[in-house]
């Protein structure tokens, strides 16, 4: 029943009118501009690591997506803006043609930010033309994918910018950020679930990515889930207990990664005058011990859990539990751009399942029984990444509220530490 | 019911007498010698890649295992043979102390093969002394782990030797190998399973590795499993249809691996005078189109399946199906050292589930609900590898018959291609 | 005698008045602005390879040089503009303190170009103050080093920009460039020199870098020097004769570099519709066969010479021969930004010894007898690079006329191909 | 005059009779066997780094040299032993055909040491046949090159073996080595040379490598040369004064190498119980402070010299000075296999110029005026390495006495530290 009401509430386009989809299109596109407001031209250019992209690339690529998958096939008479952009701004859609080398995205100074702005205007103009009249379900589905795609890149704009700014010894802030509460959230409390044969995944009717379906049965043993995320203060205990040096807490590959990369604390952390600091979107700040620990890798989350005598949840435990809570949370829509501290007054309920921080699960990213990829180049969106990735659930403070669902599966390699990720512990019931 | 009878048949040591375990110990140790019979001294020294080890290391390390985990803790008055060997021959047991660097195992010429032989004799002498009288269940469990461990290294001796010999332009043979049958096995036939809520894994009573338990319920959709493995002939069709160049068949990471490594056909294959050949333990041979294709990576198995309009089975589908067949097969015990062709006369039954070739499953290697690792250093055996690996099932022609079980979970990274692996296709039932 | 007149003409500051040095300071600083005129903000940010730097770094670093080596020690009461800039904009002066990692210069978007402009203005203001009154010879020497240093970075701004723009599939031009003459320069003619015991290097009185002295004797065998540089047309013959694939023409390290890097023609060259093109500061252009070949590595210059039955000159042969010609040439001062074709009407004289293209010599960069480095951090300018570099002589079209001398020693590793380098052949006289 | 007598004494084959060359052939070949006497079969197989080769390769390659350059062209009716050996045992002679990949030489276990022994016997048999009657000067020159080539590989057998054994935590000794004298050699004394226009290099008549000629004039400033090599004790002072951490002592490339490789002391050195030890061909030994420091790189030698207020000699200073001393020394012929301490009783003369340790010069390895490489594949011996190498002079305790000459030019990259190299200081005279 919970499930029914939820899929109803999140259902974005059952028989949407053209004007509704156009309105949503313009709103999503505008949000990209809003995120770029505080930037200098120079900030758009740098690619600070292979996994990240320059902002100028993100804003061009999301535009390329609509041009390639909507305007070219569906707007009659449309001619592409610049034939070289097909090559420059394709990411990984092999079936959409050759692509410029990913690690070299930061090698380009042209087209300039202003020129890319002109490209966006051009595409927005033609999308407006198309969306003012279209009613073809297939087109609307692709537009919806394009908007969800742009929302994903909005989150990446923030994670990539933060990574880039963090490499600068001047510690420039992205914008002013209000401090999170420093109220102690109290000890972790646990909610118990009985498990049994349950259903997970979705078949709609609202929008969902192909990897979220088909809906199917899984059998869960009884389990307990922590009511809040692990805090910085708890993580400092792990660090100071030598957790990073004690191999038995770690996956073998995790310990090797930690040695190779020299990890001794979460990324963005450093000690100054014997006090832990972390680099945030608001610049360098003292670590708030009550705030959830963030941007840790799966390897660190898993090692912490083992040290704490617990484990991470499976993605199905998480999804099953999430059905019991509302879809509210700390999303990018509220303009905070930072993590929230749990509320000690609500310690008996599951807090922050949606928004705030993506939650690592112990589930490796695999296809559901009967999984079928989207047809054509759009089928390269999800299925081809089903190796060497772990599933994350629930969204973060950088995620749009309209983007997330209980069945939504995000995925990153176990070593990734530049996304807004956190730790929620789980336990077996014996 | 099937399950009951099976675990009964495979149960290796319920109340084994000391003499039985000693006999088994001597037999397993002797099998290592048998595998080394055809070798020159030089063959023991080379490490042909980081994933492989020199034979001299394998035979010392398996001896170190008994010395470290059995003789030192349980044989009173035992003094270790050479204190430096603790360091030299530990593999990855962090809790057992510092280890010599793995990729440098091929840098050592000493101790010589003869000196390692003396070390083996010394340990065998003391193990015989201990096993002649011991009845402590804990000791027997560790000995049994040690024997299973040595059987795993026996298989690695063959895979590592083959890799090393294959790098030699002289194509030296490990030993004379009888050709497999070149009878056409006929088209693939399929066996259907209804699925539903089934049990997988084991709690004993026979020996099993910690990763095989606890026994638990999973829900399976109906599925079909191919009655035989994919053949070289079928794989050549994939190769010649451009399968290695067509990205949509591949996982993204697989296609990148294939590009980086320059894969255009299975490892050990080459074309000479326009005819496919492959390097085998018996030297360079023309490819037999009727024989199962072998030593392919998960990436290739998965791409082939997608090209063929099928998929790989999950490990639970495989395990469930394996309950219906006998535990017979082409094991190392029969001294063939090569793969067997399927029998066209038995095309209506699942052939070769045990032995012949390890079968890649689409399941990433994860802990079962309620999984607990072995205590102490032996707990580093399985659990710490639960990231970035896929599960293989059923054993190969290089596996000892007494080593394998329906619940046995082998695991390798998706790129690994030096194990004796093959492809069995599966399909959804719609 | 020739030498006397030459050192007289090039002698930049014997008893310069403060107003003369200030005028020179402002002129050199202004030239940096002139070079940046055509740039977009985005062009200042990118670092296209480890050997190159972003333009924003060059313009900040040359300013840092004056702040560090002139204003801080010699302008009383000067306080540094931003204490973090010491760290950000030091290049390799170990004695001047810690430095930001060189390969990460392209990771920074801040300080912005505008902020760096303010830094330049601040330093120029204080330099003007200082230079309006100073007469201390030591200060004047350091200022002169700083100006020569900035002139070197002006050349690097052009070479680094060209490299960066060349990685962009849009082939953006730095500015409009006039085509070089396509008149055939005729066959190479040779000028003979008798050699004997000659003097090379300088002790002043004009400005010179420490590596140009002391003046000393060397013994030269008779030799012949080509009157013009090797042309693109001649180099195409080498390419089309399979020169890149024939190991005996190459140094061993050169052939290995060529294999590892996949060199098959000069950098910036590509074939389009079966015609050779090259990327220039004016964009992509068809190769002009009469123009000198440029931007080749020492390895390519040396291989070409061997193929041509000749060799490169030593730096002392070059210097000795250069005494016979005037110091005129194609320098950056003339605003052409491109290479000039030799004049067939002057084929009997040594053409283009100064300006146009740096000329690789076969001399490895070593100290002269009695060499002493500049004291202090400025001593890190030259001497510490005396391994694994070859000497280049004469300057290029990107060099300032006032910067070059007959005794001037430039140096780059043998694999470097992003400087404006060319080939002048030499021969033994038998 | 000195030169005349010297070239006379070292002149190996002016009109040698066939029996003399055969005798020399057999003696040199026998010396290779002598060096291998203490080895286990396993010791022949390992390649401990890319720069080193397995002993089995050295003994096959030196045989291949005679087969390829003598027997095949000059012994009529000769058929090669094994056609695959051309490929397996060619080193870098591009004109002699394709070669097996150098860094993979340690990947091969076959042909076995015994089989390579049979190959050597076969070639020796046919060489004996040929040399019993041949009188063709061209053949004799190639045989003489082959013998000098084998002598070079004899030295490499020792340096490569030492490197390999040093990677083994058991510290196995190559053989028993007598300790060097621990008598204090006293302070360094200096011999002054006036310099002027002198002649260096050779045109024969004795055997010499092509890189030693033509004989030609160079002009030398007056200089002083240290009468003995720098000792371990002196080098410890440099180490303990922080010499490895003080950038101004180092070439830029040297300091970067030291950082990348983590150098903090000479190779083979380690501290145990606060005492310096070094690994020698006789196993691990306390450092003898009076013995010359050995196996340091050019970078370390150059940094030490700068710290000591001195410099290294040029190769021509060294050669000129060496004309004044006898050709005696500590060569491999005396069977010591270790370095000798200088004799305090002879402190007023240049000691140890020949033998004991190769001496780094500050000269980069370049062709002499008029240099011409040997014709054909043998021309690949020397000339193609003339970049990024420094010249070493005088031979070591691992060099054969009959192999070395005053004009002999050895060369290695500045970072190389596995040869038997030492430091002799030089100084300008002011």
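Letters A, B, C and D name the chains as they come in the text, with residue numbers starting at 1 for each one.
In this text, contacts are C-beta pairs under 8 Å (C-beta built on N, C-alpha and C of every residue); 3 or more make two chains touch, one makes a residue touch a chain.
All values derive from a computational prediction rather than experimental measurement.
> Trace the shortest sequence of touching chains from chain A to chain D and report its length in steps.
Tracing touching chains, the least step count from chain A to chain D comes to 2.
> So which chains are sitting against chain A and chain B at once?
Chains that touch both chain A and chain B, as defined above, do not exist here.
> On a CA-centroid basis, which chain has its centre farthest from chain B's?
C
> Can you work out the whole-Å distance between the CA centroids of chain B and chain C?
One centre to the other, that is 60 Å.
> In whole angstrom, how far does the Cα centroid of chain A sit from the Cα centroid of chain C?
Their C-alpha centroids are separated by 48 Å.
> Compute the distance, rounded to whole Å, between the mean C-alpha positions of chain C and chain D.
38
> Can you list every residue of chain B that touches 2 or more other chains, as numbers and ranges?
Residues of chain B touching two or more partner chains: there are none.
> Every touching chain pair, please?
A-B, A-C, B-D, C-D
> Would you tell me which residues of chain B are touching chain D in their complex?
Going by the criterion above, the answer is residues 40-46, 48, 56, 84, 87-88, 100, 104, 106-113, 164-165, 167-170, 172.
> Looking at the complex, which residues from chain C come into contact with chain D?
Listed in rising order, the residues are 92, 94-95, 197, 216-221, 247-248, 250-255, 298-299, 362-364, 366-367, 369-370, 379-380, 384-388, 390, 414, 428, 430.
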